[in-house]
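Think of it as A, B, C and D in the order they're written, each chain with its own count starting at 1.
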């Protein structure tokens, strides 16, 4: 059981979203944010021949890292929750994850860190979409 | 001229959005993020009688600080830009700014820091909405 | 194997620090940052009687969340590394982790989320101290 | 008067540090964080010939942006303050600002955004050093 799951289990406020789904989304977003930060840096460390072709990928990594980080923080907060704020932020995360996953996919055969980061983005996008569907149903 | 404006002026990539509007949005978002962080902390420093009534306001401050921060970062990046990612994040920011402005408005008569923070949120929301309209037109 | 470990394994730059220790520190810092964000929010959701006694704990949680997050990002970057920047940031993290662990310890019997967060802070402090010793030896 | 100064003026907790110096440091750190985010991105947008020589500069920009951001947040919080946490984080910021200023200085003649960012780093380093001296005296 991760810290995210344990913190939800010990939270004093009633949590109306599926706890398992919520903890999974928080964990996926924090791991993916780290993978994106690391992928941007790994791209920066590539050869002078490869680096120019990776500029857009680095930019998408940086956006995705920041957006995933912020989305995990918003989801971690349950007190006085406004689902509309969370939903809008989750939709922003889906956009960034899709874009970053697509950028990394273009480089996965040449750079293994892009393959790992693509997987993190795709997995997280799916988990966030599932959470969004759940939130949608409980509106 | 702020650093945000000077950095846009010296950026090597062609910027298709209105530079003045973009720099204003970046500056408003970074200032508002700071105001929200400070308002959350000022609320925490209020009396034991007042604090429980401020819990939702603190939570909204924290979300708004994180979301404004990330949105300013995304807007500051112009290389390999995907307007769809920026637009989704700006829409998330509008939601958070509206919510936080409303929460602070409830406490502005009792706590002057909430009045200042409400103004930061309202101003930033307006500037972000203007930028969103501009981005919309240039699609 | 976590994403942090996989990203280090696929990084193009030679990594002179112990990879296992580095990945463990990055993972501990990101998990602890999340636990601190969640503990601040769980404290905010406590009763009107309990909340005023938790103000300092919330403040320490917020500092620790931000500092752990930034430290994990700095550690995740290996290209063009300046160990002095990383070391100074790690020392800042140790301070924040110690302080937040101490604050949560005061409330662990009354609030289980503080017990969980204290454990996250103590574990992370130990792992970061180990990494700092390792970096020290390799200077 | 900036929002940072107004938030300090309306804060309910007694502030023992020089308010003017504190507000200046918070404003400098938030502006510098933005400049560093923008400089990293402007470097990424440079030509394929120039980009490989800017990899270390980008990395230092990213570290400095994150560290300045977190330091501004810690300084913005005055409730239940532990000066030791703030001081350690300020020392981390000085290291990052010095390093990033030095990296940008190497490229200021070729890239004007590096000249602007160097100035932001140097100014902020000086202001943070002044604040650190002040905090030192009041220990």
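Everything that follows uses one rule, which is that a contact is a pair of C-beta atoms (placed from the backbone, for glycine too) under 8 Å apart; a residue touches a chain by one contact, two chains touch by 3 or more.
Values in this document were obtained by computation on a predicted structure and should not be read as measured data.
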| item | value |
| --- | --- |
| Chain whose Cα centroid lies at the greatest distance from that of subunit A | D |
| Chain pair showing more contacts of the two, B-D and C-D | B-D |
| Interchain centroid distance [CA atoms averaged], subunit C/subunit D, Å | 21 |
| Shared interface positions of subunit A, touching two or more other chains | 41, 44-45, 47, 55, 59, 62, 69, 73, 77, 79-80 |
| Touching residues on subunit B, where the partner in the complex is subunit C | 40-41, 44-45, 47-48, 51-52, 55, 58-59, 62 |
| Subunit D-touching residues of subunit C, taken from the complex the two chains share | 55-56, 59-60, 62-63, 66-67, 69-70, 73-74, 77, 79-82, 84-85, 88-89, 91-92, 94-96, 99 |
| Touching residues on subunit A, where the partner in the complex is subunit C | 2-4, 6-8, 10-13, 26, 30-35, 37-39, 41-42, 44-47, 65, 69, 72-73, 76-80, 111-113, 115-117, 120 |
